[in-house]
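Here chain A shows up in two complexes: once beside chain B, once beside chain C.
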Partner chain A sequence: MTVQQTVSPLPGQGATSANSVNTQPPPPQGMWSELFSFRDNRLGVMLIVPSLLALILVQFYPIVYNFWLILTSEKGEWIGLANLSRLTRDTIFHGALIFSLKMGIVVVPMCLLVGLGLALLVHSDYAGRKAIWISILIIPLMVSEIVAGMMWKIMYHPTLGLVNVPLAALGLEPIIWLVKADTAFIALCVVEVWRISPLAFLLLYAGLNQVPRDIYEAAAVDGATRWRAFWDMTLPYIRPMFAIATILVFVWSTRTIGTIAATTQGGPGRATWNLSWYIYGMSFQRLKPHYASAAVLVMLLMTYIAGTIFVRYLWVERRSR
Partner chain B sequence: MAEVRIEGLTKYFGDTCAVNQLNLVVRDGDLVVLLGPSGCGKTTTMRCVAGLERPTYGDIYIGETRVNDLEPRERDVALVFQSYALYPHFTAFDNIAYPLRLRKTPKDEIERRVRDVAEMLGITHTLERPPGLCSGGEQQRIALGRAIVREPVVFLMDEPLSNIDALLRVYMRAEIKRLQHELGTTMIYVTHDQVEGMTMADQIAVMNEGTLQQLGTPSEIYDMPANNFVARFVGSTPMNFIPGALQKENGKTVHKSDQFVIPVGDEMADRAAELCPGGVCTLGVRPEEIRFTMDEEGANQAGVFLLEPLGSETILDIEKEGLLLKVKDVAATQVREGDVLSLSFNRFHLFDDETGAAIR
Partner chain C sequence: MAQTEARETATTETVPLPVEMAVQERRFNLRKLLVVIVLYLAAFWTLVPMYWVAISSIKSLRDLAHIPPRFFPTDPRLDAWVTIFERRILENVYNSLVVATLATIICLVISVPAAYAATRMRLPFKFVAIVVGLMGLVALLPPIASAIPLFLLGSDLGIIDEKYTLIILYTVLNTAFAVWVLRGTFMDVPMDVEEAALMDGDTRFGAVRRILLPLIFPSLFSIAILLFIFNWNEYIIALYFVNSMKTMTLPIAIQAQIPQHELDWGVVSAAGTIAVFPVLVAAFTLQRFLVRGLTFGVASGQ
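Up next, the complex of A and B:
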C-alpha cells in the first residue's frame, strides 16, 4: 500500500470535476499573473514583501555568499573546488566531522529516550501539577549554552565538582573528566543530553497529549497490556512528533559550540573539536573564512541528509501491513 | 457466554455518587439495555463491568468469576465505544484483527475471521482503508466488527448508534439485535434513547441518578412503570400527568384534579387506600389511552389548541386550565383546532406524590 492511495480523492470526485471543466472559465496562467490579478492579492503581496526581503537578506544572501566564499581563495581569486578538495585531505576536519557525528549518534538517542521517559512520566496520572513539572524540566532550555557549559565545568571540577562526590563516597579516585579524550567525550555528551533533552521532552509531551484516551481503553479491552498499548498506540501516534524531535535534537547537538567553548576549548589536544568549533577556529582564529565556508557546506549537507532520512523513515506514515 | 451479576455496585467520583447500590442480573444470552438520561450512571456501570473503572463498593461477576480485581483484558468482554475508539493509524482490517493478534491467533485464521465478520457486516470494501476515510456508518460497523471477531463472553455497547444519522440508526439497531440473537452472546447495551431500548431489549434496566428504577421487559416497562420517572422517560410521546387527589364521591372513588374528575376502579381504590393513605397522587395516562368524543355535553371537557400530524397518526394537544394533555388519534382525524372534546381515560396509573412510586 502506498501513501498516495490513502490520500487519493474518493471515487466520483475526480469524474465530477472532469465533467464540469467545460463549463468553467479557464484557469489563470501561472502563479504570478494569478497573484497580481486581483486587488486583494496585490495588497497581500505588498504585505509579505518586507518579510520576503528580510528572508532573502538573512537566508538566501548568506547561502549564496557562502558559495562564493567556497569558490574563491582567501585573497578573493577564483579557485573552483580547491577549498572542498583540500577539505577532503584535512585530517583535523575529518576529526571534527567524526566527533560531530559520534556526538550525534550518542546524544540524539539519549535525548529522545530521556525526553520520552520524562514526557511519559509527566503525562501519566502519577504527576499532579503538570505545569510545575514542565516549568522545572525546561529550565535547561532557558539557560544559554555558554552558561550551561560554565556550570558543568564547575560540576566536573576534580575536587570541587558535584560529579565526583559520589565517586569519592565510594572511595574511588576522582576522575579528571575534561583532560582525557574519552572522559571528555562522555562529559560533553552528558552536558548535551542535559541541555537538549528538555526540547525532546517538550515536543513528545505535546505529542502524547494528542493521543485520544479512548483508544487506550479500547486497546485495554481488546486485550493489550500497557506495554503493548504503548508500542501499538502511543508510538505510532507520536511518530511525527518523534521525527521533529529527532531532527531538532540532531541539529542542536551537532551545531553546539558554546558548550565546548566553556568546557574543553576543543581539548585535550584536538580531541573535542566538532564541526562548529572547527569552523569557528578556522574563520576567526586562523582567519581563513573562505576555507571554513567549505566546512559550513559540509555541515549543512550533513544536517540536510540526516533530516531527510528522519522525515522519510519516521514522519511519513507507513502502513502496518 | 455468561451471566453478568452486579451486586451492590457503588461508584464515587470524588464526592459525586455516580452509581448507587445497583443490583442487576443479566441472564446468559440476554440483551439488557441500560436506559436513562445522561448522568444517570449507566455508562459508569458498564465501564465497571468492562474494568475501565473500579467499583468503590460492590461486586461484579461474569459467569462464576468475581472480576473486580481483573484487568479489562482478563475479562474477555468486548466494548463498542460511543466514539468508536477506532485505531486511526491502522486500516479497518487491522482494527478488526487487533484483538486476535493480541491473542496470538494464527495469521490465516485472523485473515479468515476478519473477512467473515466484514462480510457479515457488509464492510469488506473498507478493509484496506484507515477509519478516517470511512463514513460514520462504516466506522460504526468496523467498531462492531472489532467486538464481534473475538467472540467474547459479553458484549458491552456504549451508545454505539448515537453518532450516526437517524435513518441508519433505525437500520443498525435491528442489525445489532439480529447479530446478538445469532451469536447468542450476553449483551449490555447503554442508551439514553428509549426507542432504542424498547425495540432492542430483552430486558430494560431504567436508571436515574445512579439508582435502578425498574428492571423488566419492554412491555412491562411501558405498561407497568414502577414510578413516575419510568413512566415519564419511556414512551415516544410522553405520558400525561394530572396532579390531584383521591376522593369519595357518591360512594365511588374518583381522582379529582383542578381540571378533571376521573373515576377510579374499586380494586385500584382499595390499594390506593392502603399504599397512599393521604390520597394525594398524580394520575398518569398514555396518549393512546385517552378516548374522546366530540360531544359538548359529556364530562371532562377540554379544548384542542394544536394538531401535530405525524403521518401515521396525529397528536392532539389539549389544554384545560393550564394543564396540557397529548392525545393520540388516527392520521385522518376529524378534530380541528378549537374543537371542544369530552375525554374519558381508559387505562391509567396512579403515582404517590410523596415517593413517586406507582400504586398497584
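Up next, the complex of A and C:
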C-alpha cells in the first residue's frame, strides 16, 4: 500500500527540504547525493556511536586492560614480562595448550567432513523437504554449551547412558568414558563434533547454494564424472565458505568451556584442561587474574594466527593455478 | 522392499533435467535411498541426546537403575519435575527470560540505527569500513578474553551479581555481531523505494518506518530470536557475574544441578529439558533465515 502511494516521483520537493538544512553547497552528482549530504554525516555518526561505545567497552577496553594485567602482579606492582615467562615454565599451562590444539586437530577435520557430507546430502536432489532436515541438523548449534555437556554426561554414564549399550550388545565391557584421560579426550571430541559440526554444515550448505546449477549441466555434457565435477567445480566455489567454516570451527572448539565444566571438570587429574578452562580456573578459582591474562593473550594470538593463516591460504582465490 | 518404495516415490517427484537423467538413470533409486538413510542417521545422531535427557527426566527410579538402560520408560513419573520446581527452577527461568529479552531488545535498539547509518548514509567511507571491519573481527574473539577485565571492572564498581549488569553485558557483547548481520540484511533491500519516498517529501524517519522496517521485519525477527538464544545460552560471563539465586540464569542453575548423588539424574534432566525447549522452537523458525543470510552475506562480501 504505502509503497504504491510513494512511487510517483515528484522531483525537487525532497531535495529542497534537504537543501534548506544543508550548510554546504550540494555536490553536483545528482539527487541521491544531494539528499544524503553533510547533514547525514553528523546524524550517521550519531547513529553509529552507541554501538561503537559498546564495542569499545566490551572488546577494546578489555584487550588493553589485559595488557596492563599481564604486566603487573596480583598486588598491582609492575613486574614486566614476569607473568609471561612464568607461563612458559607452567606445565599445567603447557598441558592445557596442548589439549586445546590436540582437540582442534581432531575436531576441525571431523566437523568439516561431517558438515560437508551432510551439506552435500541435504543439497542433493534426493533430499525432500530440505527445510525440515536443516532445522533438525542445526539444533545442536543452538543448545547451550553447558546443556550439551550435561546431555552427553548422561549419555556417557556407565549405567544410565546410551553410549555403552551397543558395546554391551557386542559383548564388550562397558567403558567408563570420563574417568580415564584418553577415553575422556575421545568423549569430549565426540561432544564437540556433535555441537560444532552443524556450524560447518550450515556454512557449507549456504556455500553450495551459491554454486550455479548450469555448470553441472555443462560438465555432464562434457562427460565429467560426478567426482570430478565435485573436485573441480564445487570445491573451488565453496572455498571461501570452507575457509570461514574452518576458522569458526577452530575458534569454537578452542573456546569451549561449558562442555568441560559439565562433563569432566578438567579431570581426571588435569587431563582435560583446555585453555579456556585454565583461564577460568586461574582467574576465578585460584584468584590470579593477572597471571590468567597472560594465558588470554596466548589464546588471542592463537585465534589471530589461525584466522590469518586460513584467510591467506583458503579464502584468497589463487588464480595462478 | 524398501527399494521399490523409494522408486515409487521417486516417480512422483519432479523430473530432473534430461542431461542429469542420462547420467544417473540407472542408479537413481539406490542413491535416493542411501541419501535418505544417511540423513535419518544424522537426524538420529543429532536428536538422540535430547531425547535421552527428556525421557531420563520422566523415568522412575527403577527405570533409571535398570541395566541395560531402557529406550522407552516403562513407568513414567513426574517426581523429577516436582523436585526441580521445588528447587525454584522457575526463578532461574524468570531470570533468564528477563535478561535475555531485555538484552535482545536493547541490542537491537542500538544496532539497527548503526546498521542503517552504515548502509544508507553518506559517511566517510573509511570510518564505516573500519567500524564494520572491526565489528566483524570482534565476533571471533572468545568471550572469556573479555571476562576477566570486565569482572575486575565490575567488582571495582560493585555491580557483580546484579541482573542489570548481565543485561548490559549481554547487550554489548552481541552488538558487534548484530550490526554485522543487520548490515547484510539492509544491503539486501534496494534503496530505490526509500529514495522515491524521500523524493515524495517523506521524512527520513517516515521512510524508515513505513517502507524499510516492514521490508526487513522478517529478518529482524529472526535476528532477534538468534540474539535471544545467544543470551539464553550465555554461560561464560554468567559464570563470573552470577553469585546468588537472585541473578542465577538457567545455564548456571543447570551446572549447579549436575548431581553428586547418582539418583539425581532425573532432576538435572528435567532442568535440561526446560533449557532446550526454546532452542527447538528457534531452530525451526531460524533455518530459512540462517541459510539465506549466510548465502547472500558472503556473496555480497566478496
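Basically, the second predicted complex is superposed on the first by the 283 of 321 C-alpha atoms of A that agree within 3 Å, B and C clash if a C-alpha of one lies under 4 Å from a C-alpha of the other, contacts with A are read in each partner's own complex, and residues count from 1 in each chain.
Just so we're on the same page, contacts are C-beta pairs under 8 Å (C-beta built on N, C-alpha and C of every residue); 3 or more make two chains touch, one makes a residue touch a chain.
These figures come from a predicted structure and were not determined experimentally.
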Margin query: For A:A262 in the superposed arrangement: first (chain B), second (chain C), both or neither?
Written below: second
* To do: Classify the contacts of A:I215 with the two partner chains as first (chain B alone), second (chain C alone), both, or neither.
  => first
Of chain B and chain C, the partner touching more residues of chain A is C
Query = Given the touch rule stated above, what does A:Y237 touch, chain B (first), chain C (second), both, or neither?
reply = first
- Who does A:L300 touch here: chain B (first), chain C (second), both, or neither? second
Which partner chains sit in contact with A:R228 here, chain B, chain C, both or neither? Use first/second/both/neither.
first
Have a look at where A:L170 lands relative to chain B and chain C in the superposition and call it first, second, both or neither. neither
Chain B and chain C footprints on chain A meet at residues 6, 10, 217, 220-221
Given the complex, residues on chain B that touch chain A span 50-52, 71-73, 77-79, 81, 83, 85-91, 93-94, 98-99, 102-103, 128-130, 133, 146, 150
Touching chain A in the complex, chain C uses residues 13, 16-17, 19-20, 22-23, 31-32, 35-36, 38-39, 42-43, 45-50, 52-53, 56, 64-65, 67-69, 71, 110-111, 113-114, 116-118, 120-124, 127-128, 131, 134-135, 138, 140-153, 169, 171-173, 175-176, 179, 193, 195-202, 210-211, 214, 229, 232-236, 239-240, 250-252, 254-255, 258, 265, 268-269, 272, 275-276, 279-280, 282-284, 286-288, 290-291, 294-295, 298-299, 302
In their shared complex, chain B is touched by residues of chain A numbered 1, 6, 10, 212, 214-215, 217-225, 228, 232-233, 236-237, 317, 319-321
In the complex, chain A touches chain C at residues 2-3, 6-11, 13-15, 17, 31-33, 35-37, 40-41, 43-45, 47-48, 50-52, 54-55, 57-59, 61-63, 65-66, 69, 117-118, 121-122, 124-128, 131, 133-148, 150-155, 157, 159-162, 164-165, 168, 194, 198, 202-203, 205-207, 209-210, 216-217, 220-221, 226, 240-241, 244, 247-248, 251, 254-255, 257-258, 261-262, 276, 279-280, 283-284, 289, 292-293, 296, 299-300, 303, 307
